[in-house]
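What follows is one structure encoded as structure tokens, with my remarks underneath.
So that you can tell them apart, the chains are marked A, B and C in the order they are listed, and the count of residues begins at 1 in each.
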Amino acid sequence: MALLEITNLTQRFGGLLAVNDLSVHLEGRELCALIGPNGAGKTTVFNLVSGFYQPSDGSIKIGGVDTRGMKPHQVTALGVARTFQNIRLWNDMTVLDNIKVSQHYRLGYSLMDSLMRTRRYIDREAAIDRTAMELLEFLGMRELANEFPPNLAYGTQRKVEIARALSIKPKLLLLDEPAAGLPSSDVVELIKLIEWIHKEFDLAIWMIEHQMTVVMSLCQWIKVIDFGATIAEGTPEDIRNNPVVIRAYLGDENI
Amino acid sequence: MLETIIQQGVNALQLGSYYSLIALGYCLVYGVLLLINFAHGDIFMVGAYIAFFCATAFLGHYGLIDAGMPGWIVLALTVPLTMLLTSGVGIFIERVAYRPLRLKGANRLYVVITALMMGIILQYGNLSMLGASRKAFPNLVPRVLFEIGGATVTSLKLASIVTCFLVFGLLQWIVTRTKIGMAMRAVSYDKFAVPLMGIPLDIVIVFTFFLGSSMAGLAGLLYAMNFPVLDPFMGALVGWKAFIAAVVGGIGDIRGAFIGGFLLAFLEVFVAATFSSELRDLISFTILLGILSWKPTGLFGKPRTTKI
Amino acid sequence: MSPRLTTPAALFALLLGLMALTQTGILGQYEQTILSTMGIYMILAASLNLVNGYMGEFSVGHAGFMAVGAYTSSVVGVYLFVPDPFFGQPLLPMDLAYLAFPLILAAGFVAAALVGLLVAIPSFKTRGDYLAVITLAAGYIVKSALENIDVVGGPRGFMGMKKVVMGMEEMISIPWMLIWIFIGVVFTVWILRRFVYSTYGKGVMAIHQDEVAAEIMSVNTNKMKLVAFMLSSGLAGLAGGLYAYLIGFVNPASFTILRSTECLVMVYLGGMGSLTGSILAAAIFTLMLEFLKPLEQLKWVAIPMLLIVLMQFRPEGLMGNRELSDIFPKLKRFYRFK
């Protein structure tokens, strides 16, 4: 079964056609990109997939489940995690708490359990804590567990946000401009990190990115959109030489 | 039947004009500072008292001025003086209580709490200075009765309604057409960029408080002339209600505040007329709550889209 | 002693100490009333802190929920134990009053929590200052509804609760209300602490800090808001029930916007998101009210002025968002957080 099946997705905001008849098919385990000029509707696509907007038309199926009418937290529970263009960590919570709270959909205990401190609560909290620490350990961020996000460097905050998304145990990880605002030395590290995550975790990664070094060195498959509609898709080689893409990015040379 | 409806309609318009005038003040300050100035209702009360003391002083009660001035001159002097003095109170409160907190970068809810405290100070300060006895506002101009569609309307009622519409028109003009109005809107968009553009932030804020408080003063004067009994707590209830009205209308927009004031007044007057006055608050607030649940940012407020 | 038992033992000792002081007459009726009032304010402040501090909303109608709890507990108590012209003969003998009292309070808790839905459901769509107005309107609606219900005396109010308290005291002669309020405070802090320290409850703080991120990171924000509002209003109802039996009389005029304002002041004075702060602020506020009593009306000028000055010096409240254990880390040895 396909991991992600987007069929004829369309999104209108008033008179604006933000996404126009878009179709995407991901089997799972891919590492691919969504690119396009500013304002092309890339983030809108991610917002639709993560359930933040309801599509005007078309359907999104995740693991065969139609997500129409679902709230974002329900979509996330299906195994879709994402990061944000502008980092949205919970700044008054420690890194560890950020990662623990993101496991909300599989807490496995109720309000009453938390008030009565039942055996189930104690066991589950211990498990959540362990999972979170293991994840941090695995990503080499163990010593950051008790830091607050605003005290961390920008690049580290990005990394924490990715860790938080991974704590969902996603099947599909959406990265919204992971390299935005990073100095070039950090970008190299980010490329390594994403590659490593893709290798170590059983998931598909779909990213929006403007830095072509990141996209071209990582992705097997690239979809290019402009004005909400697909203008090209294919391997990095295809895209690099596609005249339509070049025109969308650089404008028409005849002007 | 028709006469009663018209009569009640006029009453609602009159009540609505006070709510609107106060709601506009809430709205201006909120629009610029994102601060719910909970002391605003009490500034209205202070305005009514200032009007009272101005009017009685001009009538020669304290021996400052020889008695014998005709009522309309007294009124003509009282209006601007009341507005000026009341706005002085508003600006003073901003200066001593809100600005220091703002400069310290306190959470904005702490400023709101400070505003609540200022309101209580005004109420009880007045109570302990002037006592609990109610003050009767002097009659300045003779009451003239008009007949509209079988309903009787006093000149004072009409004056309140007309003033409210005029003030709204003036405000709309200031906010949309003048330079300072543009600066006010700029501040409400982005408080940090405004000083960088060479707009003096503090002057804009002081001007906002000047406008809001002088309108509260005007409302206080008109209210005191129509319901000529003053007490220190008169501002609290009217103020809270006007605030609710402003929000239901859509607090970011002065049209919203204006309409909201009249909406609340019409609800109250007609609920009281059809059911009973005891049920007035219950039913009208339930309706307002319903409106807000249905339109979460009020009638005129733009739905805020969260950008990711 | 194991850390599990230190806190209960300390609290029990404190309760015993309080009772000893009252029995020996060192704590007279006057001091007991002050302590009781303080306890009720502590419950109010701590419960409001869940919504205003931890969740970051601005609820202005806490007195309304308190009123619902106060009236419900009063009516249930009087219905069960006191002959009343409307409710008729009591259902149960007065001897059972001290056993049934927790149930009476529970009724107030449940009723107030249900009325909390009035605010909780709009909060799904409405936020910030617009939600503040909904809470304000809800407070007015409750007060004005009570004024229109003749069974509970309308604007005149409702009484008969003193008889229940006297009934309890006839059975066993101890200061019952002080004990119930003490238990109420412990219960409130206990529940709230467990809630906000669980990963489940931290969802509420996630909503405060970034609601969009919370929803997308799998926190069911609507459910969390529902839980937070209902828990907060339920505890306010508990405070109301205790208040009704402490004073022996309830009327709508006791639950005005001024009462809600007092709750707000304590939350922000203590610090948003600090239970210790709320408790401390409630104690300070009650003492302020008491010591400034000789000023009469000027009290309400002096207290707000003091508070304004205080906020100028500590614009994040007395405790900020820290707890006692953050200031004295050694305390962590004595009680556990998990």
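In this text, a residue touches a chain if its C-beta (ideal position, glycine included) is under 8 Å from a C-beta of that chain, and two chains touch if they have at least 3 such contacts.
What you see is a predicted model, and the numbers here were worked out from it, not measured in a lab.
K.L.:
Going by the average position of its CA atoms, which chain sits the greatest distance from chain B?
P.N.:
Most remote chain from chain B, centroid-wise, comes out as A.
K.L.:
Measuring from the mean of all protein Cα atoms shown, which chain centre lies nearest?
P.N.:
Taking the mean of all protein C-alpha atoms as reference, the closest chain is C.
K.L.:
In angstrom, rounded to a whole number, how far apart do the mean CA points of chain A and chain C lie?
P.N.:
Chain centres of chain A and chain C, defined by C-alpha means, are spaced 43 Å apart.
K.L.:
Any idea how many Å lie between the Cα centroids of chain A and chain B?
P.N.:
The separation of the two C-alpha centroids amounts to 49 Å.
K.L.:
Can you work out the whole-Å distance between the CA centroids of chain B and chain C?
P.N.:
Here the centre of chain C sits 34 Å away from the centre of chain B.
K.L.:
I need the residues of chain B touching at least two other chains; which ones are they?
P.N.:
Each of 308 in chain B touches at least two other chains.
K.L.:
Hey, what residues on chain A touch two or more of the other chains?
P.N.:
In chain A, 52, 84, 88 touch at least two other chains.
K.L.:
Check each residue of chain C and list the ones that touch at least two other chains.
P.N.:
Counting only residues that touch two or more other chains, chain C contributes 212.
K.L.:
Spell out the part of chain B that touches chain C in their complex, as residue ranges.
P.N.:
Those in contact with chain C are residues 30, 36, 97, 100-101, 104-107, 109-110, 112-114, 116-118, 120-121, 123-125, 127-128, 236, 240, 243-244, 247-248, 251, 278-279, 281-282, 285-286, 288-289, 292-293, 296-298, 301, 306, 308.
K.L.:
Could you list, by residue number, the parts of chain A that touch chain C in their complex?
P.N.:
Residues in contact with chain C: 50-52, 71-73, 76-77, 81-82, 84, 88-93, 97, 100-105, 107, 109, 111, 114-115, 117, 121-122, 125, 128, 164-165, 168.
K.L.:
Quick one: which bits of chain C touch chain A in the complex? Just the residue numbers, please.
P.N.:
191, 194-195, 198-203, 205-206, 208-210, 212-222, 227, 273, 321, 338
K.L.:
Going by the contact rule at the top, pick out the chain C residues touching chain B in the complex.
P.N.:
52, 58, 118, 121-122, 125-127, 129-130, 132-134, 136-138, 140-141, 143-145, 147-148, 212, 257-258, 261, 264-265, 268, 272, 296-301, 304-305, 307-308, 311-312, 315-317
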